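Please find one structure pasted underneath; my questions will follow.
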Amino acid sequence: MAKLPGDPGKKLKAEDSQVIRIDEDYCKGCSICIDFCPLEVLSESDQINRKGYYVPKISREQRCIGCRFCELLCPEFAITIKNE
Amino acid sequence: MLGDEAAAHGALWAGCNFFGGYPITPASEIAEVLARLLPRMNGFYVQMEDEIASLGAVLGAVWSGARGMTATSGPGFSLMQEHIGYAIMTETPCVIVDVQRSGPSTGQATKAAQGDVMQARWGTHGDHEMIALAPSSVQECFDLTIDCFNLAERFRQPVILLMDGEIGHLRENLTFPDDTAAVARQERALAGPDEQPFGGAEVPPMIQFGYNRYVHVSGSTHKPDGMRDVSTQSVHDQLVRRLVSKIDSRREEITRVESRWLEDAEAVVVCYGASARPSLGAVLAAREQGLKVGYLRLITIWPFPRAEIKALNEQVATIYVPEMNLGQISREIERFVSCPVESISKIGGVSLTIQEILEPILKKLKP
Amino acid sequence: MRTEIQIAGFGGQGIVLAGVILGEAAILDGQNAVQTQSYGPESRGGAARSDIIISRTEIDYPKVLQADLLVALSQPAFDKYLSGAGEGTLVIVDRELVPSQKGAHLAISFSLMAENLGRRVVANSVMLGFITAVSGIVSSSAMEQSLSRNVPPKTVELNLRAFAEGWSAGKEHVDAWTCRGGANG
Amino acid sequence: MFNKALNIHKYLRRDMYPSIFCVGCGIGSVLNHTLRAVDELKMDMDKSVFVSGIGCSSRLPGYIDGNGLHTTHGRAIAFATGVKLANPELNVIIFTGDGDCAAIGGNHLIHAARRNLNLTVIEMNNFNYGMTGGQTSPTTPLGSNTTTSPYGNFEEPFDLADLVVGAGATFVARWPLGYPYETIACIKKGIAHQGFSFIEILIPCPTGYTDKNDLKSNKEIWEWYRGNTILRSKYKLLNEQEQDQNHKLVIGELRNVQRKEYTTEWAKLVNRLRDEQDRVDDS
Amino acid sequence: MKLSQTETPPEDCCEDSNHRLHKYLRQETLPTTFCVGCGCGTVLGAFAQAVDELSLPPEEIVMVTGIGCSSWIPSPYFKADTLHTTHGRALAFATGVKVMLPRMKVIVIAGDGDIAGIGGNHLIHAARRNIDLTVFMVNNWNYGMTGGQMSPTTPQGALTTTSPYHNVEPPLKAAELVAAAGANYVSRWTTYHVFPLAEAMQYAISKKGFSFVEIIAQCPVSYGKMVNMRSGSDFLNLYRDTSIRIEQARELSEEELVDKIVVGKLVERDAEEYVTKLYQVNSEQSAHKE
Amino acid sequence: MPGPAGVVQMDKASYEQICRILGEKRSFLQGDVACAYGALLAGCDFFAGYPITPATETAETLARLMPRLGGAFVQMEDEIASIAAVIGASWAGSRSLTATSGPGFSLMQENIGYACMSETPCVIVNVQRSGPSTGQPTEPAQGDMMQTRWGSHGDYEIIALAPNSVQECLDMTLLAFNLAEEYRNPVVVLTDGEVGHMREKVILPEYDEIAFTARRQPTVAPADYLPFQSVDESLVPPMATFGTAYRTYVTGLTHKESGLPTTDDAVAHTRLITRLVEKITRHRVELTRVEEQFLDDAEVAVIVYGITSRVALNAVRTLRQQGVKAGYLRLIGIWPFPEEKVRQLGERVSRIIVPEMNLGQLVHRIRELVPDSCQVSALPSIGGRVHLPAEISSALMTDRKSPEPEGQHHV
């Protein structure tokens, strides 16, 4: 059970499998998703995209509970969670 | 009926169903009539918090399908300038009535003038074209308001009815057309699925809101599909040149004048709006005295009827231009003729008299 | 004699500032300079370009007609402005940020060098050092003075180091070049 | 208490009289109240500026033998901001109407209230645009008849005092005409207040509003005021539910607090920078 | 008198996209032109989320915006009828739109400088009329697009390019002002509170009458450069640490709340709505004519 | 803060204080910043503004410098309020300034008319950008030339100057303050996004190079003073400011010499407006400022202003090198229009090219003035693109037999 940072009242359950998809062309490397993932699923990488930004990397995908906090916080629609 | 009231009725006949307004002397009567009549005809009168908002609401309503109008006078007209530019840039058909009063600034609030003629042409920033008509009778307040709506729809352009306090507060008889068919209403062209709302044609068809077409309307420089592009020079060049040329290239179709006794005229009085009435009197008086004086009344002020003025150049020795300002149109006329142009200007809110116009003519032709 | 320099990249790289530093250095050297810029709506991440014209005489036309020196610090900037370069244009790119470099004369690792100094943001100072050495349009002392004035006080030292690094890299190039008798023989 | 023997004529440009105000209009009385307050405060007329916009009430500075700035519609407070900032020594009093200050000038009103610049706004609310012949204004009560609400006004009116409190004004009061002692005392307080003060005075407009709404005599008008207003002291005695359901305009002094004033803060800033500069120069 | 309106079927949404909310966007315009770490994109995401949750078809939405970074949230990114207007005047235009198209949701997204600065008058008047508009005011505490000048919401004492010696002006509390002006629904959230924000947006869209959500959103470039908060995360941390629920805030004094961001619902009323009344008068008077 | 009568004279001490705060005498500045410097050197002590691209830098600079000099900087809620505050401050004794661009300039129109009517000295910098409407905010243009003259309602005259370099941004803004005081009229400095954002070398003028026109104060007793009565040939009445014993009443309504409104007196209105217009037009010659080069033997010429003149000068120089007798006339003062200079040129050359960054605005005024023997051609460029020298030189070389198509030069 993870506590959701945006709304202290709401709690989410881990679902079976979450697929995190990062669209590199959209990413501007602001690192908000990394900083605010409650379970530190994402981390910094040294991968530069076409515009010269550092794209985050998915380091611990199995920990993802699909809270979608990163998805909603991302200012660029570059990250999404799919339940598969 | 008052000129203001006639303009309001003209709007209703032209199918106006949205009026955004703010009280100002001497244009308030238009708002008052429409506040009374629009709700009875399923239209909307909305009194906004200022003139900026009034024109803004009108433009929003037009994109949502309305035929929109607002009415104001000098100070309000000055406030509206930014939104007039927006209407031009977004090609939003609408009608703005400016019942001119004596300025600058607050000036003489209840007194008539024709001091906003050049402002109507140049008041907003950037390159643009303008359509403006000037009525000189109550009947024309009615008729030309209808014309304004039609021109607005035809060219997708804000159109200004340049009234003045004199005509606006003049009481005359007005004949309504016998049937609605007499008022040929220009229907707004709406784009088909493949057409673009801001390009493709000189006057592109509109895509209004609510048609599931996700139209994007912006006062910033935009591409034919409406999407903003504020850095490509060619996009701006094509857009603004088209906006200008859609009016400029159809100048002959838009401009209208009323001419009398021009055939043998040696001198001519060029007039418009309130100054037309005493001008006609002066020309008649001159004619009675056997002087070959012609009469040319500009009904369309912008685009300027330059062909009609140029034609005078060959024929007449002097052009007299009576105006209730310090000579705005007379200077415009000078650009197109080489004969002397004599400005007969009067300000201070009192109409020109027949005598004041006649005198300089007599002085020259009957020394 | 007017020299036209164009520096292009994306917002946030200090493109405009680099132009300002170069122009101010020219003034300090007693020359005339005009700097103009163009940038997109966003302050960071969009296209940005800085044009500098330096001349000993009065500068009438203030824009670049054909650059003598074009520096591109991003792939989109390189792709966009290469077409404007002519016969006499020396084209320099950042080796890492501009992966496809066809048409460039020199590819230098400005950002990598900056990163080695500890902060990527000083890449433009490295670049300025390099072009100062390569072009010789302004004196390096004037550049150092101008640089110190225009960067945040706390980073002056780092920027000067970056400048020096770029300058010696440039010098090496020039020396190598002179040894070979110029780039094109 | 004001001095009944006072000759306030000395404050008037007597050649401007008789005034343009209609019979039964309340604007002249507000001028009367204001000048008495000015007199009691012994304000230096050379150091006072009366600023106004456009509308009947905005004509008042013309009748005062003092510095007057009669500006464009709705912009009086913006002009006054310039006057006050450029010379903070000046007492700046603004005469404005409901249409002028709450409709076209609403933005300047809320921002001036927020800035807390030391200005005194005397707003005369006659519930309509009187000068243009009686159109709906943003304070026209629901159901009222005006020339642009021929079927009864259905737009919610502003409670202007509430609005300026919401915008951050530090002195806010409201009185209807007919409370001269309270009004004069209130204007005095407003002028003396360090910060933005807003005083609303409800006045009759026989030509544009009251006549059209069946308030034909002063007596009827005052009855109407009495029926539609409630003193703040009484309002405070109501319980929460009653307060929620209250549709009467609350009158009296509605807010009086002290907050940092703009020109004072600005002067502090300038002095601080001057000291810093002096230190740089000395070293 | 109204022009007849033909219904055309909605366009197919892009099903093949990577992101479940992409179907609400004009994808050819992506990635956005917002700076790195800017909160505008987050607001756009929360809005798309709200529309999605409501199952509100975008063809029933008209977006109206002004000038400024936040005005670019719907213009051009959100795929609905969009009216990108002049600076500060979005609400005036929206009033016209709503009167003529009462069946559509008319939603305004614009910034603090736009809505509460130059457009402050239209804001209070639209709230007074209680017209059925939904306004999302993105408050980034400065004029971002022009490079970071102080705005009416800039906190007192903050540094900006036009308050280089700390701002002397107190900030406008836009949400409180709108509540005082007569709106039906007012709330405030930040971009950190994405879930409650998206919920509040949903609620505001559904609520009849004038509804207003103030969204505190970060501007790490123009504002951040002056206050030395260079990344979006810096601001989100600030929002997390200084926000306080309105229920708790009511217990505190004005002084205690000085540096706090009060979040939550400020006001909810059920006052009659303007356009409904307008149509009511019309039907009465049209009948009267017969 | 300034005293009740504001800045009366720029003494050496205050000049030195300003220079100390501005920094070095020779620097590398943006045009917008140079406008701010010029204002300060002119004794400007009040600025009110609202952020707008590309004019914001003027506000930012003054926000930084004004309080250090004891002046007031205020950011208002919109451009309408900005110009209003500027006018109010002027009456309170300030030399006041605002800076804006197209959309803001459109909003200011009503109050610019007020400033003309109430004879309030003030300076407005309009950094022109590509319009109409929001257009291209970051792109330069010269599209507000006619709006400057005709943007407010009613009959009025305005003074406008067009700098073409960063140094001139400083010089012209400084001059604008003096002209504003001399004629008691708003003065517009018409720069553009290109000059405004360009950086160039600027040299601060020395103390004795700076002219300072002080506001003419009334010399008569308050009882005898009429704030709107001209006392001499200049037609410009002395101006008492608020906070003195003169108790001035100022209105935008038609007023008598005393300042009190009189709205149904046609004679008073005519007298007032005629004077307001004539106090400018009568001084047309003094207000004419042009730069002339290569005109002595010119056969064709270019008439230009603002940034475009830099291009044109380059083109004319190139043509001269090729032996073509091309001339160059730059308008520095735009309004009132330098009629005589243009007329004289039209009599001497056979062809005039008018390159403008609009679809042709001043070209019409020029065409009106020159004889038919001289062909006048517009050379427009819009969309933010400054002309190329080659375009101007080839236009100057084009044979005059190809007349412009009618539709191309709109009215």
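Labels A, B, C, D, E and F are assigned to the chains in the order they are written; within every chain, residues are numbered from 1.
Everything that follows uses one rule, which is that a contact is a pair of C-beta atoms (placed from the backbone, for glycine too) under 8 Å apart; a residue touches a chain by one contact, two chains touch by 3 or more.
Remember, it's a predicted structure, so these values are computed and weren't measured experimentally.
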{"item": "Intersection of the contact lists for chain B and chain D", "value": "E, F"}
{"item": "Per Cα centroids, the chain farthest from chain C", "value": "D"}
{"item": "Chain centre separation in whole Å, for chain F relative to chain A (CA means)", "value": "55"}
{"item": "For chain A paired with chain B, centre-to-centre distance based on mean C-alpha positions, whole Å", "value": "58"}
{"item": "Rounded Å distance between chain A and chain E, as computed from the means of their C-alpha atoms", "value": "25"}
{"item": "Centre-of-Cα separation between chain F and chain B, whole angstrom", "value": "30"}
{"item": "Chain E: positions in contact with at least two other chains", "value": "34-36, 86, 117-118, 120-121, 125, 145, 147, 152, 165, 278, 281, 284-285"}
{"item": "In chain D, residues with contacts to at least two other chains", "value": "72, 103-104, 106-107, 111, 138, 151, 155, 266, 269, 273"}
{"item": "Two or more partner chains touched - positions in chain B", "value": "39, 49-50, 52, 75, 82, 86, 105-106, 218-220, 230-231"}
{"item": "For the chain D and chain F complex, residues of the former touching the latter", "value": "13, 15-16, 45-47, 49, 51, 59, 61-62, 65-72, 75, 78-90, 107-108, 111, 266-267, 269-270, 273-274, 277, 281"}
{"item": "Partner chain A, residues of chain C touching it in the complex", "value": "10, 45, 74-76, 96-97"}
{"item": "Touching residues on chain E, where the partner in the complex is chain A", "value": "18-22, 25, 30-32, 34-42, 44-46, 49, 191-198, 220, 231-233, 236-237, 240"}
{"item": "Residue ranges of chain A touching chain C (in the complex, touch as defined)", "value": "28, 48, 50-53"}
{"item": "Touching residues on chain D, where the partner in the complex is chain E", "value": "103-107, 110-111, 114-116, 138, 151, 154-158, 162-163, 165-168, 259-260, 262, 265-266, 269, 272-273"}
